[in-house]
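These notes concern the structure reproduced below.
Chain IDs A, B, C, D, E, F, G and H follow the sequence of writing; residue 1 opens each chain.
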Amino acid sequence: MDIRRLLEQVKDNDLEVDQAMDQLKNLMYEDLGYANIDHHREIRNGYPEVIYCEGKSDEHILGIIEKMNKKGSNILGTRCRKETYNKVKEIYNHAEYEELSKILKIKNKDIVNLGKGKVLVITGGTSDIPVADEAYYTAKFLGNDVVRLYDVGVAGIHRLLNRLPIIQEARVIIVVAGMEGALPSVVGGLVDVPVIAVPTSVGYGANFGGLSALLTMLNSCASGISVVNIDNGFGAGYLASMINKLK
Amino acid sequence: MDIRRLLEQVKDNDLEVDQAMDQLKNLMYEDLGYANIDHHREIRNGYPEVIYCEGKSDEHILGIIEKMNKKGSNILGTRCRKETYNKVKEIYNHAEYEELSKILKIKNKDIVNLGKGKVLVITGGTSDIPVADEAYYTAKFLGNDVVRLYDVGVAGIHRLLNRLPIIQEARVIIVVAGMEGALPSVVGGLVDVPVIAVPTSVGYGANFGGLSALLTMLNSCASGISVVNIDNGFGAGYLASMINKLK
Amino acid sequence: MDIRRLLEQVKDNDLEVDQAMDQLKNLMYEDLGYANIDHHREIRNGYPEVIYCEGKSDEHILGIIEKMNKKGSNILGTRCRKETYNKVKEIYNHAEYEELSKILKIKNKDIVNLGKGKVLVITGGTSDIPVADEAYYTAKFLGNDVVRLYDVGVAGIHRLLNRLPIIQEARVIIVVAGMEGALPSVVGGLVDVPVIAVPTSVGYGANFGGLSALLTMLNSCASGISVVNIDNGFGAGYLASMINKLK
Amino acid sequence: MDIRRLLEQVKDNDLEVDQAMDQLKNLMYEDLGYANIDHHREIRNGYPEVIYCEGKSDEHILGIIEKMNKKGSNILGTRCRKETYNKVKEIYNHAEYEELSKILKIKNKDIVNLGKGKVLVITGGTSDIPVADEAYYTAKFLGNDVVRLYDVGVAGIHRLLNRLPIIQEARVIIVVAGMEGALPSVVGGLVDVPVIAVPTSVGYGANFGGLSALLTMLNSCASGISVVNIDNGFGAGYLASMINKLK
Amino acid sequence: MDIRRLLEQVKDNDLEVDQAMDQLKNLMYEDLGYANIDHHREIRNGYPEVIYCEGKSDEHILGIIEKMNKKGSNILGTRCRKETYNKVKEIYNHAEYEELSKILKIKNKDIVNLGKGKVLVITGGTSDIPVADEAYYTAKFLGNDVVRLYDVGVAGIHRLLNRLPIIQEARVIIVVAGMEGALPSVVGGLVDVPVIAVPTSVGYGANFGGLSALLTMLNSCASGISVVNIDNGFGAGYLASMINKLK
Amino acid sequence: MDIRRLLEQVKDNDLEVDQAMDQLKNLMYEDLGYANIDHHREIRNGYPEVIYCEGKSDEHILGIIEKMNKKGSNILGTRCRKETYNKVKEIYNHAEYEELSKILKIKNKDIVNLGKGKVLVITGGTSDIPVADEAYYTAKFLGNDVVRLYDVGVAGIHRLLNRLPIIQEARVIIVVAGMEGALPSVVGGLVDVPVIAVPTSVGYGANFGGLSALLTMLNSCASGISVVNIDNGFGAGYLASMINKLK
Amino acid sequence: MDIRRLLEQVKDNDLEVDQAMDQLKNLMYEDLGYANIDHHREIRNGYPEVIYCEGKSDEHILGIIEKMNKKGSNILGTRCRKETYNKVKEIYNHAEYEELSKILKIKNKDIVNLGKGKVLVITGGTSDIPVADEAYYTAKFLGNDVVRLYDVGVAGIHRLLNRLPIIQEARVIIVVAGMEGALPSVVGGLVDVPVIAVPTSVGYGANFGGLSALLTMLNSCASGISVVNIDNGFGAGYLASMINKLK
Amino acid sequence: MDIRRLLEQVKDNDLEVDQAMDQLKNLMYEDLGYANIDHHREIRNGYPEVIYCEGKSDEHILGIIEKMNKKGSNILGTRCRKETYNKVKEIYNHAEYEELSKILKIKNKDIVNLGKGKVLVITGGTSDIPVADEAYYTAKFLGNDVVRLYDVGVAGIHRLLNRLPIIQEARVIIVVAGMEGALPSVVGGLVDVPVIAVPTSVGYGANFGGLSALLTMLNSCASGISVVNIDNGFGAGYLASMINKLK
């Protein structure tokens, strides 16, 4: 049932205003008491439903998945514990899991490639990979062609410069870096496409849980860079996707 | 003289490698001793040259403008003091100035509209206008169709909701907000296009020079939002422009 | 024995000043060595006794409950560990426990409804529920009619706006939110009653244990909002109760 | 023209929906380009219009006052510079000004006393008076009976205890304190009514612009206390007013 | 062997300068490789030797105790784990342990009462007791008459005021408080003797591990107050002792 | 009129309770509306009256001085502007002023030497002198024998060690230091008397207005050290005085 | 195969440019997918390969070691877990481990002494030893003559001054200190050689994970001091080594 | 008079111990009351005397210069106001001044070149020049061959890479950078000599007075980097000099 259909029924007096109201709300979100599932993005643009699993009980997560699954949506779970995945797997046999990035995927229909170009995910070091992979799998699941280029931090600048062709081919670039977080500035100076910077909490001492990298990125002297929250690989993947599908 | 031309001369032995090297460097940046002017972006994509005026002496700014002007580039100066503008105006009669946002513009050739859609600039309050206008004039000077929607903060949510059509028409949205900085989250929930959040240092008490708004925006629970530095209207305008010209 | 009675005995020389002094002190607080139990609020307004259990040993908690119980007071324990509750339950069979919010309740007499209107507790997300429930059960135990409205955060503003009638019916509103903490500003703009904002430590990255939400709420541009400590559901419930019983 | 009238005209087809839409919006807020004046609170509860003057140009302030004045509303300006007041006074001869607290008042109709009891404003020291007076004049202008009790900080506790009767007579208490900010905790322990704590930036050294007092108040061990932003006397006065008019 | 004796031997040529040098150093501190035990305070003023146990291995602690014990000194261990104490007890049967405050005591000679008056230790709440007891046992072991007054925080000010005689009898006062840390200001206003304020990390939310209480105490508007590090009960006890023995 | 006298009059029925009440309050503090002058310390221990001038208007300061002067007290003003002093001087010809430390002194009676020993004030550098002198003149005015030892910071440790005799002669030591603030630790290791550490805001870069020195001093590994607020020379001088007069 | 050799082959047409390109890259770093091993420092100066083990899985560490081992390099692992070492030991029998500092060493060829003088490592206390030893073993493995001087903090300054000859003999000094971090300033004042300051996270209360010591060291008033990250013993050892080998 | 000479006189009984003591102290530092001038470095290594002028009165500065001048030393003044220089110039005609970096130089004897190689000073941007020049002139005045390379920040990495020969020729490198402060990491990855990183307070928004650049540099993933205080060009120049003169 789509919204236009519903409105026409109202106009033609085939549906009472109050009934229409209820159906409309349900189309948009379902109230489970502990959560209001929001279906409107899925309706508008074919995106998957997303569950941020951290801090939710397994029971709640399973309840939310059940409602989403009924709509036939694809489902993406972020920060999903291994044990939660195991319980999900028992019920939804086709569920998949990426251990490093803790991504849960339930594919109920084909992923339509909505991206116009390539999304590139770069990391400064090996320890940034969990966050980078969260961005990578998110962007892929949202219908993008995604490429990875890992461990090319600024302290060995030739590792980065030797991959210039790959870098300059991308339409959107996600740069994931911890410690001093300098990589986005260098990358931003090499390309003319949007760069999404993701600070990670990787590092020690005066890193202060990613604050150091976050400030570095906000203060970047290169243009065309914006920043998402510390360790927020999902946010970067989602935004890259949104930019990449712009017609 | 373009780069391909130069390389062919090298190949055909019409130009020594060392001479080619020098010409190439000059094409890319000019060394004024106190500054290295970078022409490569202008060459690649027709963007104007940009000068960040804050902390530079009038002499330095005039020196940099002189070099840029010789190339026939359009020139955008940000954070330009009124007195500096007056000195510039004496030499470059066609220079223009936006007082509120301290933007200096020297137009040496027509601005080509590179944007594919509309850029929208929204503010939470009246006091955010200087930063918002920096974004507005930057995006316009970089060749975009830009619309402004000011003073529609979250404490009177109907002011925002009544303008939904304008909001949903944009291809990229810049949201400028100080104090609690909650506006980008609300806007992000209403649209499916990239939202660039700009925290401002407007506010008092526990605002801590924009830190409050900055943290709010980084922690936004809406998807598709990224953040630039506090008061960085230019950065937001530049990034919006970069996204908007994606083909 | 009430205070007036005691004073009259003094006046009539039926009681020595020193004896009166001791009895008076005991009416007001009892010294257990490690704690001074304060009975005066209970005496003045019929409120329950409250124990903040965190950081107290089970022995101390049981000792305090014993003294309070002798007075026949209702007893509310906050941040009470499950194991502590189990020990309490063995002795006081009518003790009740709310697991999510860790609230312990021992009801020795009927709760008198002191509130003049409804208290509404709103949350931005599902993960804010433990704090919100602490506020909910506190306000209920203090004699209020309390309503809950959960998971209506600003990133999907229609979820909130669709419940306007419930919101505008309340006499006092508690808004619990983590991450960017923008919800109180929006709610504050919709109503003309006091809004008590409770920042939670829910979130990650640059959330800094609730600091982000706290600053947002303090800087709110809406009027009629005040803030309690991070995760302090009890404080919000108590204050709401105090406001709601104003004649 | 009120809203009900307008809706009935729509129902009776005396007014087109589009026309009604425009009038309705105008009733609610007026768009001056640089500001959206919000009339809805004034309509709902007879409150004055409020202008936060800091960071606004005199021209903007005069423009906003002009619109508000046309509605015949009372007008309260906070953080109003002396020079601005002088310009206002030239046009609106009945304008009044409180120098210490920088409050501007334009009274176009009688202030209706909406408060049910007394509001008490307490300060820790003499230097807290500007902030305290902002609260005092705000609460008075919003229709409350307000009492002041200044310079009774905790380092000379007898100064406070000697005024217990005044303190215990209030229905809402605003406590303004800088430096260590301990006063609200002591007051909160003496009464059973809501205490609104206002930290001030008064102090030096590790005061950090009011942060010290702010944290103290948030961490208060007394119940029934909530906090507004540093130096936010207006916010406290407004909230006290909102609580005091609760029926 | 004392120092004067040694110097006279040098003067009389009964001891070579180099030999004297070695003996002198040994009298002052002994080098264990991983630690330099400093005996000079014990020599000068009869104070016990002190070991800060946190972060030291049991082997190191036992090694240090062995050297100290040989000199016949009294030994005070702070922040001593229970397991460490058990190992110590096996070797030094007369060792004693205070569980709450983790104080280890080995008494090899009588404690001489060096204090001229009483030291009073006050706490705001029950949860501050571990830190307060560290101060209490330290001051006692250093030869003072020490009195405790616990759980008399400012939110119930009468609990404090009722004990004025005890408070005004002290020669030095240690005030231990977490949460808002306001107690030292109130106490400081009631007496004319030095007040040593000890912030504790007790609390939650915006307490930030004791920072809130620390700032409060530093900003105290009462005179005669100074502050030691967060949770540093030992430092307060030691300083109180130093003041109390002043002739 | 002293308090005992007054109480005897009450007992003998020569004075009504209400009259006694009023006289008693006046003996303790006088209410000027904007300030409550507290005379009780002066009464108890012969200390001068103290005015913290910062943030007070000249009118208020003169008003307070007038009341204090009537009692014949000595008066100490801290952080007193030069212009304020000039106005004071016109009325009170015997007023004196210390320019560097901004100390105002009005001597109405001889200063009684209450100190039992010497107070020593040490600074790390030349720029710490204004704060150190505030401590110096405070301690002197409160009746102490005070010695100064300036510019003996830890980077040239021999400058300090060469003055050991002066240092070890003091009964209380105030150490004033900015930048890294390491001096109190070194001094604390050389003596057995209380050391009061005063961090100053002198320095640049990561000094953060004295925070660096403050944290250093709080974390000192030497015993017998406590800390007052940044730049709080008065507080240190007052506390030193309090300690030095202990019998 | 060295680089000159390779270039001559290109010049003589014995090697295609593309082949040369591949070999050159491999000489410089090897791409393992999850890591790019950088061999160029080892080639240039005979330094060992270094692996920062924290946050890397055992599989990754073993994979990296395998590649490095093939080149016959010496290998230094920092922050290596004991369990990782055990796995490494099974394969590389000559691997060694320093438990306190968690240093892993695989020696495949003799260490050449590259240092021109002595490196001295000093600590303030016993608890700083793990960090200091990381510096010690790093500097030794990089070919330096290294001396240790532990537990000579500023609170007992004679412990330091008695070792002046050892201190003044060094060519580079590493000073490791937690708590107040004052030691580098004192040492810096005693010598004319570079001092590398290493703040440690040792301490409690307002130490804030080493921030206190870090700020102290940055603000040092002694010249010739620079600072590395908190707990970064490796960085200090590496830098000392680099300075010590300067010809 | 040198120290050896003096000691021999003591040995030969030509000088009393007490007289020797006084002369020795004077050789080392002179006590001006407000300052202790330290001559010992000048004596040991021929370095100039240094005055940190900020926060010192002109009178004090002139007094200090007078004493230093008498010894015939070269004198370097940092952070010297223009007006101070003018006063100095009147007395010492040969004084020189660098306006941008506020360096004062009084050359009383030839500068001996003590450096073994070249010192290179690099900046990220034009606005970092004042700090960089402080380092440049300091290192030159201390006897080094110094080279400058300005405005080669990471956002245009080719500007840096094109100057590799200059960079790799240096023996010590000072890298001065504000905003994101990423330059030292890139430089550190290109060379094998010590890199001294100097964060500047240049930037805006979340730069927080240089904190952003400071944290970036401390967290650098490149080896061989250490950091001095924000804007501390002098410290970097002094340390570079100390390293460069190592034999």
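Here is the rule we go by: a residue touches a chain if its C-beta (ideal position, glycine included) is under 8 Å from a C-beta of that chain, and two chains touch if they have at least 3 such contacts.
Here is each chain with its UniProt name: A, B, C, D, E, F, G, H = PurE domain-containing protein.
Given the structure is predicted, the values throughout are model-derived calculations rather than measurements.
Trainee: Could you tell me which chains are in contact with subunit A and with subunit E alike?
Mentor: C, G
Trainee: What's the farthest chain from subunit A if centres are computed as the mean of the Cα atoms?
Mentor: Most distant chain from subunit A: F.
Trainee: Going by average Cα coordinates, which chain is farthest removed from subunit H?
Mentor: C
Trainee: Which option, B-D, E-F or C-D, should count as the same interface as D-F once over half of the contact pairs match?
Mentor: Overlap exceeds half of the contact pairs only for B-D.
Trainee: Note whether the interface between subunit A and subunit G is symmetric in residue numbering, meaning over half of all numbers used appear on both sides, and answer same or different.
Mentor: different
Trainee: Return the distance between the CA-based centres of subunit B and subunit G, expressed in whole Å.
Mentor: That gives a centre separation of 43 Å.
Trainee: Please tell me the distance, in whole Å, between the geometric centres of subunit B and subunit H computed from their C-alpha atoms.
Mentor: Centres of subunit B and subunit H (C-alpha means) sit 38 Å apart.
Trainee: How big is the gap, in whole Å, between where the Cα atoms of subunit B centre and where those of subunit F centre?
Mentor: 54
Trainee: Let me have the rounded angstrom distance from the C-alpha centre of subunit A over to the C-alpha centre of subunit H, please.
Mentor: 50
Trainee: Indicate the residues of subunit G shared as contacts by at least two other chains.
Mentor: In subunit G, residues 156, 205-207, 211, 214, 218-219, 223, 229-230 touch at least two other chains, as defined above.
Trainee: Determine which chains touch and list them pairwise.
Mentor: Once each pair is checked, the touching ones are A-B, A-C, A-G, A-H, B-C, B-D, B-H, C-D, C-E, D-E, D-F, E-F, E-G, F-G, F-H, G-H.
Trainee: Taking the touch rule as given, give the residues of subunit C at its contact with subunit A in the complex, in rising order.
Mentor: Answer in residue numbers: 126-127, 129, 150-152, 156, 158-159, 162, 202, 204-207.
Trainee: Over in the complex, which subunit H residues touch subunit A? Could you list them?
Mentor: Spelled out, the residues of subunit H in touch with subunit A are 124-125, 153-157, 161, 179-182, 185-186, 188-190, 203, 205-208, 211-213, 215-223.
Trainee: Can you list the subunit D residues touching subunit B in their complex?
Mentor: 25, 28-29, 33-36, 38, 40, 54-56, 60, 199, 201, 210-211, 214, 229-232
Trainee: Flag every residue of subunit B that touches subunit A in the complex, lowest number first.
Mentor: Answer in residue numbers: 41, 44-45, 50, 116-117, 171, 192-194, 196, 214, 218-219, 223-230, 235, 238-239, 242-243, 246-247.
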